[in-house]
Structure formats: C-alpha cells, structure tokens
Amino acid sequence: MTNFTSTEMMTVAAARALKNSDVCFVGIGAPSAACNLARLTHAPDITLIYESGTIGTAPDVLPLSIGDGELCDTAVTTVSVPEMFRYWLQGGRITVGFLGGAQLDKFGNINTTVVGDYDNPKVRLPGGGGAPEIAVSCGEIFITMKQSLRGFVDKLDFITSLGHGTGGTDRADKGVTTKGPSRLITDLAIWEPDPETKEFTVTSLHQGATREQVAETVGWKAKFAAELSETPLPTAEELEVLRDLHARTKAAHSGN
Amino acid sequence: MTNFTSTEMMTVAAARALKNSDVCFVGIGAPSAACNLARLTHAPDITLIYESGTIGTAPDVLPLSIGDGELCDTAVTTVSVPEMFRYWLQGGRITVGFLGGAQLDKFGNINTTVVGDYDNPKVRLPGGGGAPEIAVSCGEIFITMKQSLRGFVDKLDFITSLGHGTGGTDRADKGVTTKGPSRLITDLAIWEPDPETKEFTVTSLHQGATREQVAETVGWKAKFAAELSETPLPTAEELEVLRDLHARTKAAHSGN
Amino acid sequence: MAKIQSLSEAVAENIKDGDTVAFEGFTHLIPHAAAHETLRQGRKDLTVIRMTPDIIYDQMIGMGAVKKLVFSFAGNPGVGLLRRMRDAVENQWPRALEIEEHSHAAMANAYEAGAAGLPCAIFRGYRGAELVRVNPNIKFVNCPFTGEELAAVPAHRPDVAVIHAQKATKKGDVLIEGITGVQKEAVLSAKRSIVTVEEIVDDFDDVHPNATVLPCWTVTSVAKVPGGSHPSYTQGYYARDNASYLEWDKISADREVFMEWMREHVMNETPEIFAKRVAHLKVQG
Amino acid sequence: MAKIQSLSEAVAENIKDGDTVAFEGFTHLIPHAAAHETLRQGRKDLTVIRMTPDIIYDQMIGMGAVKKLVFSFAGNPGVGLLRRMRDAVENQWPRALEIEEHSHAAMANAYEAGAAGLPCAIFRGYRGAELVRVNPNIKFVNCPFTGEELAAVPAHRPDVAVIHAQKATKKGDVLIEGITGVQKEAVLSAKRSIVTVEEIVDDFDDVHPNATVLPCWTVTSVAKVPGGSHPSYTQGYYARDNASYLEWDKISADREVFMEWMREHVMNETPEIFAKRVAHLKVQG
C-alpha cells in the first residue's frame, strides 16, 4: 500500500459513497474531485451536474470554477440557470448534493455567510449561493470538510443552509421531506446522523486517526458509534486515478 | 381599380393598421394573411410571433396551423411554449394581438367556448386557447370577423376573453392595464371603441357597404361616428401581393 | 435509465387503465403511433391532458377510452371542430366526457410548474374570463409585495407523458428540435414517460450545446417508430400531411364511418405502418 | 430596435447615476469591458445586481461606484473571497455598502419572474435558512390548492442589463451559446440593455433553431468588443485566463495596490485593450 494524504482519504471515502445511478449536484473543490473520481472508477454512468447549467458532464480535468468551458463541452446538455434551479434542483431530480462551508454544527447546519454578526461581520464570507435550496431539494446531502475547532462549532454564527436543524424531527417539522445530511466525510473520519437525535456520530475512523484527535477537533462533545469501523484504505487504483486527475488538472490550468 | 372581395378588403384594412415597429401575436386565418401582407408591403421589419414558439417568422406561404415547419425554418428563434407564454406574451412584449371568435359583443368581449349553456352546450366550440391572456397582455387587440347576426350578438353565451367588459372603465377596474380591443375590422366596416363608453362605433365604411347593411348584421343597435370615413380601397399592389401570397399558399399546401 | 424497447412493450409497461396521460405535441411531433398503440391495447378510463387536443384525442374519445379531458384548445388545426369530442360533450357518445378547461397560458404554466416540482403555477391570467366560473381549479393569490392578484392553477403531474422526438442515443438521451412545445416539461412533470423517435444514433456529439435534450435518466421508455407522428410532422424528416387533416373532418363526421376507419387504420394495424405513411412526405436532407 | 454603436456611446446613453444595473454572466461571458467603461465614465450610486459578483463588482465596489449590492454568492471563483467587497462591508471603505442577499435559486427565479413580467417569483426555497431573518424581501405564500408554504421574492426589474455574447447580426439580434446563465432573463427583465459581442455577422442562418437568441427589438445597444469578457471566457473564442483570477487575489488585498492597478489597467485604458488581452488564449476553431 502506498502512502496517501488525509485529503486523499477524504476524497476517496466521498467517492465511494456515490452510486452508479446517482445524480450529483457538484460543488468546486473536494466534491468535484470525489464525484469525478467516482465516475472514473466504480460509477462510470454517474450523472454530474454543475449549477452553471451543465448536465451530465465528464470533464477530463477538474474545473477551476463551476462554469468552466469543458463542463459545457462534455455535457449531455447545458440549460439556463433558472431552468437548472427550477426543473433540475427544485424538480427533485438530484439524488446527492455536496455541501461544505466555513462553519458546521453537529446537526449538519452550515454557515458560509458571515463570521460574527450579520450586520457588522468580523469576516464577510461569500454567502450561500445554491446551498439553501441544495440543502433541502436533493435526496440527501454529503458534507466534506476538514476537521478544525474553527470550522466544527457548537453554535453557528449564521444558518446559511439547513441540516437537521435542532435535531430530532426538526427538519421534517419545517416541511422538508428530503433526507438531509446523511454523511459527513472529514480528513479523520466518517460521521453519520444518529437515527433518533440526528446528531452526527462517528461511524468509521480513517487509518491512523484516533478518537482523541477526532474529539479535539470539533467544538462539541463528539459521539462515537458503538461499533466503530475502520475506513478501508484507498486502493492503488483509486489513488492512481485521483492523482492522474489532479496532475492533468494542474497541467491544464497552468498551461495558460 | 380591379375588383376585390369583402374578405380582401378586410385583410387589407387589417394589414394597414399594423406598423413596421409592431410585434404581433398572429392567429391562423385572416390575421395571418393580414400580418404577412403588412410584412410584404409597408412593414418589412414587423415581428410576427406564433404561439407555437416561433419568433420573427417570415413564411413564404401562409401556414395551415400555428405550428407549421416553415414558421420555425424562417424564425429568428423558436422557444418553448411555456417560455412563449411567460417571457413573450405575459412579459408585455407584444404590441398587437389578433382575436376573432364565434361570438362578439359590442364591447369586444369574445366567445369561442360554447354556444348554449357551458355544461350542456348546443355547440361545443374549440375553447379559448391563447385568447384569455392574449386579450389582456397585448398592448392592443385587433379583431377581424365577418359581420353576421349569429356572430355579432347582444349577449355572449360565454365570455372566453375580455374586451372592454361592461364598457366604460370596467376593463381597467378589473386590474387590466392594456388598451384592449382598439379596432374591429369586418367585411363591411372599421369600428373603434368610443373613448368614453368603449362601445364599438363605426368609423369607416368599406366601399359599397351601407349603414343599413352594417346595422342589420349586428345584434345590437349599431352606433356610427359623427364623421364617417370611407375606407381607402385596396391598392393594386396590395391586391397583387395578397393574391400572390394566397396562390403560393394554395400551391404549397395542395402539393402533397 | 431509459429502456429502449418496442412501442408495444413501452405502452404495456407504462400506461394503465385509469391513468392520467399527457400525449403532447404542438402541431409538430404529435405522438400518433403511441396513441394508436394505446387504443390497440384497450386502455380505458384515461384522463388525458393536452393543450391542443386534435385528431388523436378525437380518436381516443370516439373509441370510449377517455373519462376526462384536460385541455385549452380542442380543434382540428386549420380545419375546424373535433367532431368525436363534440359528440361526447353534446351527446355523451360513446360515453360522457368530463372536461377541465383552461387557457393555453394556464396549461403551459401548469406543465412548467410540474417540471419544476411545484404544487401550483402562478401567472397573470384569466382576468375577466368566464372559465373562472366553471373551473374550480382556477384560483387567485396576491403578490406579497405589490398586492397584485395573480391566477393560480395546480401543476400538471401526469402518470405518463408520451411524446415523439427526432432522435435518441443508444443510451436513451432524447433530442427534440424545432417547435418543441411543452414536451420537455410534460416529460419532466410526469412519473413515467414514453418517447417515440425517428431514429436511434450513437451519440449527440454534433448537436448544439443548448439544444433541447432529455437525459436518458429522465425518460422511462424509448421506442423507435419512424413516421410515428404522421399526419403531424417531424422537422428534418417529413412534412405535415395536410390532406389527412382535411380527411379527418369527413371521417369523424359520422359514427359508423369513424368506427370502420378506426378498425381498418388503427385497431388492425401495427406501428410499422407509420413509416409507409410518411414515405411520400420525406424532407430532402 | 438595437443600436449598433461604440461601447462608450452605449454606456453613456444607457447607464445613469443611481441606476439599478445587472452586469450578468455565470463564470462564462462576464462583461468586463462594459464594467470598466462604466467606471471610466464615472457612474456612481449604482445598485448592482448579480448572482455571482466577482472581480468586476469587486472593482466597482472598490472604486466607490456602488451604493447597494443584490447578490447570492460573492467570491473570486476558484480562488477565494472578494477583498474589496469585504473591505466595504467590514470597514465601509471607500464607502458603506448596502447589501440585499439571496440564494441562487431566489436570484434565478427573480430574473425569470422579471422576464415573465410578474411582480414576484414563487419557489420552494429558504426553508430553515437564516437569510429570511435579515432580508425583508423574502416572504412566504401558501399554495391555494395544497396549502404548502412557498417562498416569494420580488422580481428583478433592473434599469439596465449588461451582458457579453458571442455574436450579433447587423440588425442587432444576439446569439448566446454554451453556459448561458441568466443573461437572457436579465436582458428581458431590464428596461434597457447593453450587449458586447465578439463579432458582428451578416445573419444567423447557420444557427440551431432553438439556440438562445435575443431578437434585436429586445436589445437596446450592441457594441463590438473582441475579448470583452476577459479574464472570463467566451466559448468558441478564447479560454478563461485563470492566472488573472489568481493575480486579483493579490491586487485586491491592498487598497493602494488596487487603486494603482485600476488607474493603469482600467481608468487609463480603452475597450480596444481587451482584444490584446485574449490574444494568447484563443481557441482553435
């Protein structure tokens, strides 16, 4: 087994959670790498959708933005942005949406809007973009984020997008019928919501990660499943495909 | 001056009412002939829109249906039908809409739904199609119909589309801000709404038509303007272009 | 993922008695072959939705397959009234027909809302129009910002949408070109869908990036039926058979003539006949 | 009917101090040249609308031209935050900036409603999202059929929409291909519009019938500015200049560096420079 980074482990674990029949709403960064890794390995027919309007894309390199030309060149079709949000996202056609953000709480609620007070922010973040409706319209949500006390907080400064709300049945009580965050994939572990409380619970540790590390890098008291798995290591093929993808991407984007 | 039919006079009079800058929502039959005659004579840049989604069409022959292939072949662009009704009609981009129907009243309200009672009709007509919203969304409405006691009635069996309602300010009172029927062009005369009462008033008689003929072929007491014009005769050019258009149309459609 | 199968299989698997079905097409691309197959398979008690019911719904109504019609303009395009539909509405022959009547704008918006996953469509419509009195599925809401009153109708959510298109790929992606009508919205608003196509090709690599394409995973069933929209037309393949529309006015005028014509040209035929019907109408490529 | 004129004339005639302007583009086709011309002409107190404000709004905000920003995602795509916008929001430099913040779905629906002539857009949105608390332009209505609560936002109706596109005809019809974003809706929702294009051609006879075309009578002004979207890209003409996006992160980090860069590359330049900027990024035809 070769060496690998925690980011690679996170990407591989996210990729494995995707099925060949999934229709994914892809964001830039880790989700894009995970979705394309899935497509290039076990899920060749997976449908990747970027919110710029490109449906069924198969880029040879990872896009730098959600509207890169290659996404359109390789798409089955490219639709307008109003149509994307109306017919495709709101229409309930997306099985998996990816989210991440500056702050995450234990119920999978996310903040990408401000650090501090909304009207007098310490840091003005980019804002929600597609997230508020991705969070409620996709069949389920995968969250990929690296663990840190700054990012994994007890209380969000601002709720940009809904996860499981205050937990329990709160999400359903708000009239939301989709599953919400069903998986949190970090650089250390895989978390899944407790069936009752909906609080994220560690179900699998990545190689080398300890309970202590996991607990020390979140701003709440981390819960662990009774039976804790060890995340299967990245295979040689997964690593090779992922690294080739990143190498092609780097070559293409520095080529200009 | 050559001879001409009353239908030709009606078509020519309707064509003349159109300006080069108009954007017309065209129906099949007389309106289609009038709009294309205008385009082939004094209004070469007029924009013709058919509700099938074809924008800026310039058919060489008159279409048999509002969705003939030639409308698409010669259009600036062809959009979906939801877009047609949302962005183009409701969006307020149409300056002139044409309507006609089985029954018309003196305020320009039209019935194309049923003769008799709605639930037990004597004659089930095709229904409104685009008319209910054409009637209120276009800048103004031109109505072309041949006069007859059966068609020009004192009271409609059913109000498919709004004209000036019960007259006066009724149309505006219903929250409609467009002008409504501004011209009724028949085989005998041109009628325009009275500025106050909005009742159609004869403003111009076609050659050979008498006040008596006009009055006898409508089911209400016809009003005439104080100063009654005589509709200018079709010019030789207008008749030639119109007849060529009909000849080309006949040849094309019997060609199969 | 779309199944590529025979029209007979597609109809058998997807259309059930009592279903709500939208056979859509706006003058162009009307799915005649699929409607005929549905009649041959004896489907009944259907609720049929269409903006512009024309010959195929006249045929389905005349054969007694339809319980309810949801529509906005029922005519034989360029010719006149629908005589079988009139007979059903005016004389309950061969059975009574429920109708739910809208305007085109309402129907187009209802498909759009269905495709968009909304429960209703909101638009500026029906002002001063009497359909409001006879159709309880027309309501009004107020804009929460301006107070303006806007019309609302329920979204269309048919069990099955049936359309005809130019091409599909071997995977089942579908391409619609020219006058596209409400067909994309009909398929996206429906639980299941059947698409008949003129031909099946390897890929759409040469197609415009913004062309109207339904990805294979949005379509249930694809069946190759060349000529399948006759006497309607398919842009790029064959022209409209105007004579057939004129002829329909005569055929549909009489119950006996109608029944005999249906037996001969529909009930005892197969989808293969459609290719022959368009042979003389082919468009020069 | 569209006027074909210079960019300088187009901006002078159409954009006034205090106007609400939407410079749209979704990664692709961002109208950089038109934004720079607007700054050169000294427009101020603008309300600017855009789903994805990026470098051009960072520049306009940093130069003090913007009073209010209506947006859903403010970032340097693929790079990071917008530093001039942050400076305005966090430190009121060079002036305070009002913000009206939405989600992408709300913004897209608001443009769609504006194009459709509606006062508001209705969609399934904002559930459990805190923007509802801070943005009074988010309200809720109930579906009159199901009772479901749906979000509502006012339609966008900008004074001016500004976009970049591939081509116009001599009459002023405009063709947009590839990732078309919300540009068609922005133009149709606006009172006036400016479109910069790569080239002006005789006609669109070879264009797909369902391509995204804005007829000349829906556009106020067309100006030919080759390279006018740099460092964004124009599909079929030139690629995205990724290095410029990375460079912006450094330029915008410091007020002095920013001001000096703007003087040299924007205020003292002309639209002709854009053709040179894309020379090394040309796509092989």
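By written order: A, B, C and D. Residues from 1 in each chain.
One rule holds for everything that comes next: a residue touches a chain if its C-beta (ideal position, glycine included) is under 8 Å from a C-beta of that chain, and two chains touch if they have at least 3 such contacts.
In UniProt terms the chains read A, B = CoA-transferase subunit beta; C, D = CoA transferase subunit A.
Keep in mind that this is a model prediction, so the values were computed, not measured.
Identification of common neighbours of subunit A (CoA-transferase subunit beta) and subunit D (CoA transferase subunit A) yields C. Chains that touch both subunit B (CoA-transferase subunit beta) and subunit C (CoA transferase subunit A) are the following: D. Mean C-alpha position of subunit B (CoA-transferase subunit beta) lies 40 Å from that of subunit D (CoA transferase subunit A). Once the centre of each chain is set as its mean CA position, subunit A (CoA-transferase subunit beta) and subunit B (CoA-transferase subunit beta) turn out to be 57 Å apart. Multi-chain contact residues, meaning those touching two or more other chains, occur in subunit C (CoA transferase subunit A) at positions 112, 116-118, 123-124, 148, 178, 180, 185, 209-212, 235.
Residues of subunit A (CoA-transferase subunit beta) found to touch two or more other chains are 72, 78, 86, 90, 137. Going by the touch rule set out above, the chain pairs that meet are A-C, A-D, B-C, B-D, C-D. Residues of subunit B (CoA-transferase subunit beta) touching subunit C (CoA transferase subunit A) in their complex: 28, 51-54, 63-69, 71-72, 78, 80-82, 84-86, 89-90, 109, 113, 118-119, 121-133, 135-137, 158-162, 165, 171, 174-176, 253, 256. For subunit A (CoA-transferase subunit beta) in complex with subunit C (CoA transferase subunit A), the touching residues are 21, 23, 45, 47, 55-56, 72-73, 75-79, 86-87, 90-93, 137.
On the side of subunit C (CoA transferase subunit A), the complex with subunit D (CoA transferase subunit A) involves touching residues 116-120, 122-124, 137, 139-146, 148, 150, 152, 154, 177-178, 180, 208-212, 235.
Note for the complex: subunit C (CoA transferase subunit A) touches subunit B (CoA-transferase subunit beta) at residues 26-28, 51-52, 71-75, 77-78, 81-82, 85-86, 89-90, 101, 103-105, 108-109, 111-112, 123-131, 134, 148-149, 178-182, 184-185, 212, 233, 235, 239-243, 245, 280-281. Residues of subunit D (CoA transferase subunit A) that touch subunit B (CoA-transferase subunit beta) in their complex: 1, 112, 115-118, 173, 185, 188, 204, 209-213, 215, 217-218.
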